[in-house]
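In the two complexes below, chain A is the common chain; its partner is chain B in one and chain C in the other.
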Partner chain A sequence: MRRSRPAVLVARRLLAVPVVLLALSTAVFLAMRLLPGSPATALSAGGGQTLTAAELSANQARVSQALGLDQPILTQYLRFLGDLVRLDLGSSFYGSNSVLGLLAGALPATIELTLLAMAIAVLLGVVSGVVAALRKGTWIDASARTVATVSFSLPWFALGVLGVVVFGVWLRWLPVIGRLPNALDYHPTTNFVLLDAILQDRPELVLPWLRYLILPATTLALSMAGFITRIVRASVLEVLGDDFVRTARMKGLAEGAVVRRHVLRNSWLPIVTVLGLQFGSLLGGSVITETVFSYPGVGSLLVKGVLQRDYPVVQGAALAIALLFTLVNVAVDLFYLVLDPRLRKG
Partner chain B sequence: MSEPAVLGRRWRARAFARSWPAAIPWLVLAALVLVALAGPLLVSADPVRQTNQTLLPIGTPGHLLGTDDLGRDELARLVYGARPLLSVAFLATAVAAVFGTGIGLVAGFAGGRTEGAVMRFVDFALAFPSILLVILVVAAAGPGTVSLVSAIGVSLAPGLARLARALSAREAARDYVVAARLGGTRAPRVMVREILPNIAGPMLAQVVMTLSVAAGYAAGLSYLGLGIQPPTPDWGYMVQAGQEFLFSAPRLVVLPAALTLVLVVACNFAGDDLRDGLV
Partner chain C sequence: MTDPVLEVRGLRVEFDLPGGRLPAVAGVDLTLRRGEILALVGESGSGKSALSMSLVGLNRGPRTHISGEVSFGGRNLVEAPESELRLVRGKDITVVFQDALAALNPLHRAGAQVAEMIRTHRDVSRAAAWDRSVALLGEVGIASPRENAKAYPHQLSGGMRQRVMIAMGLANDPAVLIADEPTTALDVTIQAQVLGVLERLRADHGTSIILITHDLGVVAEVADRVAVMYAGAIVEQGTREEVLFAPQHPYTMGLLASVPPVDGPIAARLPAIPGSPLTGIDRPAGCAFAPRCAFAHDACAERPALTRRFGGPGHLDACVLDEPARAAARPEGSRS
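Take a look at the complex of A and B:
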């Protein structure tokens, strides 16, 4: 069978994005409307006050009308899609901030967090995976594998909170909550702190930013690092037995150069696969981790929205996470084409 | 009972804890389950009764682990908190095991287009941030054991379905399955009586690993305030409530968080041990 040309493959991947996004936003829409316990019931229940049945149903009717929930579901869906296309995500029930504005502040924070977490995970995972494979059968290998087993599915909230206690409370090395110190005079241009530090020429922003970010990012990274360790170890062991590695050794390359130039290069593909597969879990973890550290990202926006029954915010945050998820997976797919020439031509 | 199916059950022989270090996670799990079941009989203090003796330190006579911000006995709360967490984790894992094994078994056995379609969906569901869906479902349906168990269970089913598919596709090609089918046994019976017993071992190992994820999700949701509702004590919620006293009484956070970690890590090692013993 003839393989498609790269341009066709790229185009096909990119065309899939709106389709996946439509499916995801429909799922979010349905989750918000079809399940028992409609927003109207929740919202009209009032904050802790006891209401009479008559008051409650009057409230419900009012909220339903305001949210358009009294319309037929198809009308609601079309209106939802129309708003979505115009990027009108509504505004929060509390303080009437536009959801888009809230996301513009929160999304960069989440992207910073997840990207740094990925970088930490790759660094830890690749180093320990390679070392474990090169020292196969020794205690180093055994302990790397034990750590990888321990780190599987560690609950982020417990890990994060223990990190806070150790590094924030007992050692007092790192700040406990937030994204930047309150005293710091920061006027966001893009809301990406690193980018703003460059754009505004303020290198003094970088260090406090890193000090706040390192603990949540490491919390998020550990489980992924364990996965990457396993994958890298297995793929390095496999590649080490290949002919081209023997050839490289026989032509007198130093062991370090063999590992760097030949072994590692061939281990990148499985690592990228893991990154793509695990990014979803990382995003999910960021929801909880951000809450632990009161880190102002999309995750804590979502949780706050859920607890306050602030449905436009919940909807917007869920869509933002779905968008991020889709884009990263497309990026991973495209990255394959760059990394593996075999996928490019037949 | 057909002969090959019996032969296939080798995995039953000494599949777990074949050395003393490997026994540790099983002992820890057994201890936690025992605490969850019998714990309330062992501690006399009331886990929900509030007193004015707030934030007593560890080692106070009558309050071995001190009291929390509302003067409730911390030890009693930890002990009582084991049961809701473990029951949600076990039930959700059972839901995931039934759905996941069922879907994977049918897909692997049927093959062809059914298999392709099911596995495409499963792969997508696996990559998707499932905790997000769990949060949305629990938020919409309201917190409660039923919504927690079903949301977590359904979100963890794809991982098990994937393994069940791979295993049963392999088994479906074996002679004993072919023989049973040629002998006129109908497909559902072949799946349940011939294939299922032969994939049960590796599936069980994965189910134990899934238990660790389920426990993490359940505690994580309580931490967010979406799980078991107060005043019922629960480790996740205790961590969240204790965070306010991070500097004055870090133990309120450390103890429940550490117990959650111990539970998850014990499941990880137990699952790992089972897998080693079965392969």
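Take a look at the complex of A and C:
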């Protein structure tokens, strides 16, 4: 009885996923076609040769026809949907790579980036938030809050460029372009480097991977860490005032145990909610960060696709990002159910 | 029944507030004897909780000033460092809090919360602590304790939650149990059962109990002695019979007069003492009750000490009225 409820909840969430994805892909489909400029213009400008106006428009017509862009929008849309149902995301207008293939390379890169960023943000944010709350009103609290506010208001782009300049150009400590050194002999199995390092038994992959990942991940993490610090501090302070904390002290528990067993666990609830919501902005930030660091993730793919009016790539990348976001939120719901027995009753 | 377990002398608890210091407990002397149930009664805000929390330093903090003496086991707990007080809390002196739903951790199972109390003070295995906590839950009258031990607080009824708190309170066989309005939120039947648990505890384990309540019906039912608190001070203290049937202080008389007849109309439940209790920062120099007292006169401008006046040997009060005036003030039915 008690067990079936969460399953129902999560199932309902999962059922909503296709609806969300359909709405989103329709929006992207329309947005791309409403943007000025078409792939035909870009593609039919012959490399280097000067073409007459007549040749150019003949080229454009041929390209449009080849790509199916001369069809009415509704026809294009229905075909797009038909393909989508069969999980066929089409192929890039440039070089005819399949979009699924491009995503298979880019999505793991983005997942690695956002997960590491999330981990760094949670670590920094939770530690500083808890310390600030426990030392409320002292200089430690004041400085933690100041740092949090500053880092929260730093734009990703500025932070990314700063990271590139300081660590890449001045100090030359870290590589700032790409995901792995070109010289590295890496044949992806899953495209998750850490996983492949284990599967292929190649521990030497891990260090270069981390060296490339750490700077963009930290860039992405800092503003979120600032945000988490503030949420955690507020949450811990609130829980510290709860009656059951006094009960824990009444038991004779040492303050450390009171905080660990009673305060922190109860503080996690609002924090997890916020993390789920913030993951969306983290994905947004990853688009910018990936571009600054030329990191070959879905964000880079999306930006390049938009610039080149590469409709299938943009649609695929947007879908992938949306899917990631929805799945993380389902995971948050599940986590919530694990954390809080009160929700299990439904 | 005579040797004192806990002795409180000149206890003051003051809270820093934006406008100044609030004397929530303004100099209290109190003795708790072995195996007795001492009821602490008074209106809301009179300082009952502040007093009981301060006995084991649970309201210590940067904005709280606790002074005076709480002697327990040859030590003054007011002065004891946290590290020492921790060994007393939950083991020798435990507290059953007012609002059990809020006082229990919503994320821990009932049994685990009791077990944690045990394991904090005894070196026993998890399994042993769990078994003992199941036994305790059974002892306080929780049905199918094995199943209910696994329940989370929100899955239990109010009465069961209160019993979980009590089970926790007696887990380590404490010398002193402070029960802060353990029955306020409960209906009459459950209330009687919970009081029964406390009485049994006193009988079986010789536990001394401080029972905080504003329900004089509860006092009449289980208390051995009664201390009446007003504005942070004890204004009357004596045996149950003395205080309930021969009240000496006009405030106690007012409290008794405001007790509704069991089946009386709702109007009878309205407080019979006009005015509102003193809860602000500013306190008059004299008797704190004088502003509300129908019998106040010039002599009340000086604060009367809590001492024996016209009652039995252990019957103390803090009122300057002479005996005829008291007799005249006593409500119908409580005249001895």
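Assume the second predicted complex is superposed on the first by the 305 of 346 C-alpha atoms of A that agree within 3 Å, B and C clash if a C-alpha of one lies under 4 Å from a C-alpha of the other, contacts with A are read in each partner's own complex, and residues count from 1 in each chain.
We adopt the following convention: a contact is a pair of C-beta atoms (placed from the backbone, for glycine too) under 8 Å apart; a residue touches a chain by one contact, two chains touch by 3 or more.
Not measured: the values here are computed from a predicted model.
**Q** Determine, for the superposed arrangement built on chain A, whether chain B and chain C clash or fit.
**A** fit
**Q** Would you sort A:Leu253 into first (chain B), second (chain C), both or neither based on which partner it touches?
**A** A:Leu253: touches chain C, not chain B.
**Q** A:Val287 contacts which: chain B (first), chain C (second), both, neither?
**A** After superposition on chain A, A:Val287 lies in contact with chain B alone.
**Q** Per the contact definition in the header, classify A:Pro208: touching chain B only (first), chain C only (second), both, or neither.
**A** After superposing on A, A:Pro208 lies clear of both chain B and chain C.
**Q** Would you mind checking which one, chain B or chain C, touches more residues on chain A?
**A** The partner making contact with more of chain A's residues is B.
**Q** Quick one: classify A:Gly90 as touching chain B (first), chain C (second), both or neither.
**A** neither
**Q** In the overlay, answer first, second, both or neither for which of chain B and chain C A:Pro188 touches.
**A** A:Pro188 contacts neither chain B nor chain C.
**Q** A:Asp243 contacts which: chain B (first), chain C (second), both, neither?
**A** The second partner, chain C, only.
**Q** Scan A:Gly105 for contacts with chain B and chain C and give back first, second, both or neither.
**A** Neither partner.
**Q** When the two complexes are placed on top of each other via chain A, what is the minimal CA separation of chain B and chain C in Å?
**A** Least C-alpha distance: 18 Å.
**Q** Under the definition above, what is the set of chain A residues touching chain C in their complex?
**A** Listed in rising order, the residues of chain A that touch chain C are 242-244, 246-255, 257, 261-262, 265-266, 339-342, 345.
**Q** Would you tell me which residues of chain A are touching chain B in their complex?
**A** Against chain B, chain A makes touches at 28, 31-32, 35-37, 149-150, 152-159, 161-162, 164-165, 168-170, 176, 276-277, 279-281, 283-285, 287-288, 291-292, 302-303, 306-307, 314, 318, 321-322, 325, 329.
**Q** Please give the residue numbers of chain B that touch chain A in the complex, ascending.
**A** The touching residues are 126-133, 135-137, 139-142, 209, 212-213, 215-217, 219-220, 223-226, 236, 239-240, 243, 246-247, 250, 253-254, 256-258, 260-261, 264-265, 268-269, 272.
**Q** Which residues, counting only chain C, touch chain A once they are in their complex?
**A** 53, 56, 58, 82, 86-91, 94-95, 97, 99, 102-107, 113, 116-117, 120-121, 152, 154-155, 168
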